[in-house]
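Here chain A shows up in two complexes: once beside chain B, once beside chain C.
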Partner chain A sequence: MLRFLLRRFFLALGTLLVLSVLVYFMVDLALDPLADLRQSTSPNKADLVARRVALLKLDEPWWVRYFDWLGGFVRGDLGMAWRTQQTVASQLQGAVTTSISLVLSATVLALMLGIMIGIVSALRQYTGFDYSITLVSFVLYSLPVFWVAVLLKQFMAIGMNDFLDNPTLNVPVTTVISAVFGLFWAGALGGSPRRKILVFAAATLITGGTWAFIVFSGWLDAPRLGFFGVGIIGFAFAVIITMAFAGLNNKRALYSALTTAAVGLGVYYGLQWLWFYVPADFWQIVLLLVSAIAVAMLIGWLWGGPDRGVSMRGAVIVALIIAVMTFVDRVLQVYPEYYNSSMIRGRPIATIGAQTPNLNADFWMANLDRFTHLLLPTVALVLISFAGYTRYQRGSMLEVLSQEYIRTARAKGLSERVVIVRHALRNALMPLASIIPVDLVAVIGGAVITETIFGWSGMGKLFIDSMQNSEIDPVMAYVMITGALAMTANLLADLLYAVLDPRIRVNA
Partner chain B sequence: MNTNDDRPFEDSIRPDDLPGEGTVPPEDVRKDEAVPGVLPGTLPVEPGEPVLGDESGRGEGVGEAKEVEGLSQGQIVWRRFVRHKGAMAGLGVLLAIALFSFSAMGIGPIRGWWQYSDNALATHPMINNGAPTITLPTWLGGTAATLSFGDHPFGQDNIGTDNFAAVMKGVQTSLLVMLVLGLTALIVGVVVGALSGYYRGKLDTGLMRVTDLVITLPVIVLGAVLGKLLSAAPDKFGWSIETRIAVDAAMPLLLGILLGLVLWPSLARLVRAEFLGLREREFVDSARVAGASDWRIITKHILPNAVGVIIVNTTLLMSSAVVLETALSFLGFGISAPNVSLGNLISINQGAFQTRPWLFWWPGLFIILIALSVNFIGDGLRDAFDPRTKRIPSKREMDKALARIQSESATAEVGAR
Partner chain C sequence: MATKKLLAAATGLIVGALAFTACTPPTPNASSTASTAQPTSVSVMWNQPMYSMNNVTTFGNATANANIVYLTNDNWMYYDKGLNMVPNKSYGTYEKTSDSPLTVKMTLADTATWSDGVPVTAADVILAYGAQSGLFNTVTGDDADGLYNEDGTIKDVGAGKVYFDSSSAGLALIKDFPIVDGKTVTVTYSKPFADWEQYMTAFGAGLPAHIVGKRALGEADPTKAAEAVLNAFKTKDAAALSKISNVWNQDWNFTKMPDDKDLVVGSGPYTISDYKENQYLTVTKNANYKGEHTASIDSITVRYNEDPMAAVQALQNGEVQLISPQATADILTAAKAINNVEVYTGDEATYEHVDPTFNNGGPFDPKTYGGDAEKAKKVRQAFLLTIPRQTIVDNIIKPINPNAAVRNSFIVIPSASNYATVSEANGMGTTYANVDIEKAKSLLAEAGAKSPKVRILYAKSNVRRQQEFRLMKESAEKAGFQVIDNGSDDWGAKLGDKSYDVSFFGWQSTGTGVTESDANYRTKGLNNFSGYSNKDVDALFDELQTTVDPAKQTEIVSKIEKIMVDDAFGVTIFQFPGVTAYSKALSGIDPVSISPTIFWNFWQWKIS
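Right, the complex of A and B next:
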């Protein structure tokens, strides 16, 4: 194992080195630092050119400059953006976290949505639902990310802000959207025509009704989930998750999920008090999350039974959902204040930057602010990579479902739920481990575009700006960081694969 | 036998996409079992009776086998492709777009039927504040009696240039870049994949390292560097006016070639996997025993067997190429003036979308239409080349066939008595 890791590490290092040589050569060839001076009409033009040539050592061959850069790089000096006279390290500060938060939130969301819809689509193969999902994912797949981002920025953001300013119920749009939701659920749940019609009617009415309630009750002026909102969501998920992963017949699993939901709800008011007296910060939230998981595992373990793992897993998922809901609820509580703050002035959906400058915010409002900024760029990235995941997951699920051991599982009388969740799902998820790193690289590429459009000062924008300013050092820093990220993701995927699939040995 | 295909698309997963050697190709139970006319386990077959499967089931000269009797592999693939509704729609739309744009704006020096040019300096008097003058006929919800173009069907920008001319020219550029890029990636990918798959060993390791190197960075990043090279080179190296004009004229071509040099690795990997499998087959051994050279084995024996994978993936590559080229032009690293590209158009008009939204919608619509049609064509090709693809009759057709068979066997029984 160690040998494998070491070998991979040195291989990655070598690849990075070769990459740096080649990219440096190409970027050096492509950039033209003298472009602005060439157009210049100033009398001391020759002098300016000479000074810049001396500054950037343009009279030396490219490999001298490369070794200069490399020498600095291995000693931790990332170099200098000569035009702005900023060190690359100071430029990167904040940019890396900004980009990673964007890329990660988009990837995680796309992955979850894509997996779920892909699996349902595979289970309903050759139905209208399957065809519709396929068609939609084809269209999403063909969408250029920059076009979607511009669309969201120029049209969607303004529409949403206008709507939040003065919420009214647009009857035709609401009807159509509710009907789409109805069709989606009817198709996803399937069954006899009678059942489909029932599901369709119920889903349509619930969607439309909920939306009408949200608009008319003034919820949007002061949105929050509250004790009852968190409670309903928690218990609903406790039942749904047990149904999906353990079956409602497994009483211990059901009870441990429900107990977890009850405990989570029990501490709801306690947490409100805690956050009232103790100002929250990042590590406190992490600590709370970890303790929530620990309590959930304990609950699952205490309910026990022959299949402890299942109860514990279900309880942990429920605990995570309740924790997130409580967090969201607390963040939403500052919404009215945020909405009316002098920096926001009633236009909460942001289109520029990663945060509102000069916003005098506590922990919660900073989170809300980050969220309103993340919303549109993340949607743009999710829409596109989600389609790929859906197609991939559908294909891999279909492949697994056609194998002999699934037939055996069915033949020995296992319920369809057990066959799908316990036998098929796990194997169908495995191939994903090998496309996530590839897709991550694509999302990083997509982030270059979204960051540029939404004016995020992330790494992608840094790359584009530096390319336009003919500054090679920031470009090289971007290339090295992205390359290292991609290789780490690849290595992690390989290890994950080895853990998941006993047929693969990393020592080989 | 009804020859229409009810499934517009197939799974977009290739067996080769899945990791691990010897992965079982994706296949689904129903696809295999649902041979038209035979419903497994539903029809009781009594001994002595003619087996129903003979009419339309497996075996030589019956059912599916009869349908392809005497056809070459190419003809079978072609027939399947033609049957694929999605692919045919995609091909139709793509051809229509190509024909429309090339006939409207002409090719090179030859002028097309459209009265205005795409020149950014060619301004025209504003009509209706630059709004699109295209009107739909009344039966489509429009105002005119028939479809009418008017003077500026896709509107004008703020200085009055004709958006229709620009969009049509942009479509030409995008199509050209797509084709050249596809061709370049095809050549490089196939050569690299074939060499490393056929010769294996050190050559393979080396070539695969190169592939790994290229895919480490996002294509948009490498593309931006190469695009910048293309746009900065004339000034940087002080090229003469003649060279500049030549480079400008050939810019879509050059960009296509450069981007092709970025996009080939996925194809190379698939071709390599295919070659690794095929080189162990008996027909390759017998060719070698018969004294065929490596060149002959690669080109005459292995390559034709890998052509399905190659064609399908090149097509899918081309659809992502359209999106890549427009994205690069949008960022300012792709096609630049005096050339026009769809991404370029969106980029330069970005500030005016609130007041002139049509400058955004029309180029975007054509990008999506082109990418989507190419995707559908690729999907159809995949189905056509995949021998496992079978026509799945719809539920209604199955019910009908079942009822027919049952009524026939009922009348046969009555007749026998």
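Right, the complex of A and C next:
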């Protein structure tokens, strides 16, 4: 194991070194730091050119500059973006944080959505549902992000803000969208034609009805979930989660989930008082979340019985859902104030930037503001990247389902739920272990086009801007960091795989 | 079983408690709706973030910085819509008291105040002069080992060494130390300098001397600190100047709100109040401002995004009220489609020009004709006659700027007041008014040049340049030229290397000074890439350098341009088009072509 790690480590070092030489040479060839001065008519142009040549040592061959750079790099000095005289280290600090906050939520969302839809798609293989999902995911996969971004801004920001200004019910659009939801649920839940028709009708009516209620009740002016909203969502999920992971026959699991929902609802009520008197901050929320998980585990353990793990897991998931709902509800409570703020001017959904300038916001409003800014880029990224996960998960699920042991499990009379959740799902998730680390690392690499169009200055934009400014140091820092992380991620994926799958051994 | 009962009881208790609690949880807000008069604000989109508040250093010299400096600092004069120089009397007055030697007397007004309440003094003027003139430097700019760290930052120059990272040709002519008398500073140029008035802004574009003094010399009292700076320059105190130059070069470079509020002290109507790295920068009204340019809007936020379509959509979504994105026909269409938005199209500071090469042994070089300059000139004239200038403007520029016209001057910006005089006198407009293929053919026949090969250099990946090239090629081939596409992405580095016969690209004007063009057209001038040489032009440029009277300057410029047109030096084609769009709630926007473009009259902006 140690030998394996050491070998990989030295291999990675060598690769990085070669990478740095190649990239430095090519970037140096491509960049022209004097480009802007060539068009200048400034009277002191000769002096400016001389200074820049001296500054960047342009009179020396590229390899001299490379060794200068390498010398600094190995000593931890990443160099300087000479045009703005900022150290690369300080540039990276801001860029990495921005990239993570922008891309992380999108990646996690895309993963969850992609896996779920992929599994359902596999279970309904060769049905209309499966074909539709395949079609949609290929269409999304091939969409160029800059185009999606412009459309999203036009419809989900500008159009949505116009709509919020004067909400009306557009009957044809609502009908079509409700019908699409109806078809989705009918296809996803499957069953006999009669059941499908029932599901379709119910889902269509519920979607359309909910939307009509939202528009007509004035809910959009002061949206919130409220005590009943959180309650309904909490109890519904308690039942659904139990159904999926334990089965409703497991009374202990059901009771522990329901108890968690009830306790959560009580806590929701109490928190309204807490937050009224004690201003919230990040660490308080983290603390609350951790205690929610702890309480849920305790509830699960107390109800437990012989199969404690299942009850505890269900309770924790329910607790998390209620915690998120409580948080969302509290954030939504500041919406009217936010909407009427002089900085928002009644147009809450933003098309650029990471925050509204000069918004005098408390913790909750800052979060709402962050959300309205994150909305569009996140949707854009999710739309484009979730398609890949769907295909991947569908493939791996189908492969597992066709194996002998699944047939054996069915043959010995296990319920379909147990076969899928306990036997198939776990193995079908394993191949993902090799792509998740790599994708999470790509998060740090940033999303160039999305960042530029939505005005988030993350890693991708840092890279492009530095290229345009002919600043080689930040470009090299970017290449080195993403290169090193990519190698780490691959190593991590290999190790993770070995841990998850006992058939694979890590050996030198 | 016991635990189960316990849990059930607990649950029941909580639910019961809730059910029986009559009171509902408190909800936030309610306070905000009753509002007092909200402060007014306006958001502007700009493509590059500010990175240095000292925009007269060699690296801080960028529009992104100049805009913010302009918003937060007053100066001796500014350019108005017609690019005339307007003195700002509330900052100070200046007058030329003698032509020989050229002497300028400037007096600071009592209303000139820094935003921390300290008055602007002669020390501030001397700091600006001393730092930019380069006369106090003991190390030169190309002395790399002495000045730069390995990573490219400017080093703290060693004790006793002085290096201000700036250079100004004009201020370097003031060799004698200025005479300081209270709030009056009198400077004497060692030789007459044509653009002395344009360079007045250099005396105001400064950092507050009292804060430089505080940071460099550790003197906390503002009056004493400013005086210490003044004395350091006066006595050429190398130890003190060394520290001052380090502070001056480095301390004002920031990309987010600095912790030390001293660094945002300015003399203008606004002061920086917030700066989020790469996101936005907000300037708010300066309470201590007493000058004329009092603004009506309480705060201006400059938001940063370089994507033109993002700017248009942000304008439509109300996130910004004023944009000036990179102009294309698509952007113009998109901006025009928005309700309640005013769109302005006009000129930018960059202009396109076509230059034949004189010294590469090609079709335009006298050497090709055995040294017969007349023949070479005829071939140049023939080529220039084929350039479809009007068609280029009509097809490529007018879709963006409907008021665009062919530019007919090498030196003067079309929006400047003396443009009409110069462009009429130089004869470019009449000589090359229309494409004249027949005349071009006969000129080629006279010169005895049979279908000369012309290699044209331009920016190959630039769509606008590709279109121009196609139009030029088509027209020139009609007259019998063989046009060879020498376009390159590396065109900038190829300028002047004699590998092409004609080049076309843009020059960017930075002001209305007449000395600016010197290097473009003088024999062996730094920007004279085509190898043009005419002794009369050189002599006239020498004269122009030292001519202070504007009317006389226009006369000399006209003479220079006339010779250049007669020599068939080349032609200018158009001014780059710019698009500015703003919300109808905003009024008073009236962009000019040179920096600070949209911001020049910010104090006249109003928002409803």
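Keep in mind that, in the parts below, the second predicted complex is superposed on the first by the 456 of 508 C-alpha atoms of A that agree within 3 Å, B and C clash if a C-alpha of one lies under 4 Å from a C-alpha of the other, contacts with A are read in each partner's own complex, and residues count from 1 in each chain.
Here is the rule we use: contacts are C-beta pairs under 8 Å (C-beta built on N, C-alpha and C of every residue); 3 or more make two chains touch, one makes a residue touch a chain.
Predicted model, so just to flag it, every value in this text is computed and none were measured.
With chain A as the common reference for superposition, the partners chain B and chain C occupy clashing space.
Shared-chain residue A:Thr482: touches chain B; no touch with chain C. Contacts of A:Gln85 after superposition on the shared chain: chain C is touched, whereas chain B is not.
In the superposition on chain A, A:Arg51 makes contact with chain C only, not with chain B. Judged by the touch definition given at the top, the superposed model places A:Asp32 against both chain B and chain C.
Of the two partner chains, chain C is the only one touched by A:Ile299; chain B is not. Shared-chain residue A:Glu399: touches chain B; no touch with chain C.
Using the contact criterion defined above for the overlaid structures, shared-chain residue A:Gln154 touches chain B and also reaches chain C.
In the superposition on chain A, A:Thr452 makes contact with both chain B and chain C. When the two structures are aligned on the shared chain, A:Asp165 is found in touch with neither chain B nor chain C. Of 1-9, 145-153 or 235-243, the chain B stretch that intrudes into chain C once chain A is superposed is 235-243 (criterion: clashing C-alpha atoms). Taken together, the two structures place residues 32, 34-35, 38, 150, 154, 158, 452 of chain A in contact with chain B in one case and with chain C in the other. Residue ranges of chain B in contact with chain A, taken from their complex: 6-9, 11-13, 17-20, 24-30, 32, 209, 212-213, 215-221, 224-226, 228-229, 232-233, 235-236, 319, 323, 326-327, 330-333, 343, 346, 350, 353-354, 357, 360, 364, 367-368, 371-372, 375-376, 379, 392.
Interface residues of chain C facing chain A in the complex, by the touch rule stated above, are 3-4, 7, 10-11, 14-15, 17-18, 21, 25-29, 32-33, 35, 38-39, 41, 43, 51-52, 58-59, 141-144, 147-148, 150-154, 165, 167-170, 250, 253, 255, 274, 276-280, 282, 299, 301, 303-307, 309-310, 313-314, 316-319, 350, 490, 492-493, 495, 505-510, 513, 515-520, 526-527.
Listing the residues of chain A that touch chain C in their complex gives 32, 34-35, 38-48, 50-57, 68, 71-72, 77, 79-80, 82-87, 90, 94, 150, 153-154, 157-158, 161, 255, 259, 262-263, 265-266, 269, 272-273, 276, 299, 302-303, 333-334, 336-337, 340-343, 345, 347, 349-355, 357-358, 364, 452-455, 457, 461, 473. Chain A makes touch with chain B in their complex at residues 15, 18-19, 22-23, 26-27, 29-32, 34-35, 38, 125-126, 131, 134-135, 138-139, 141-147, 150-151, 154-155, 158, 391-392, 394-396, 398-399, 401-403, 407, 431, 433-435, 438, 441-442, 444-446, 448-449, 452, 463-464, 467-468, 478-479, 482-483, 486-487, 497, 501, 503-504.
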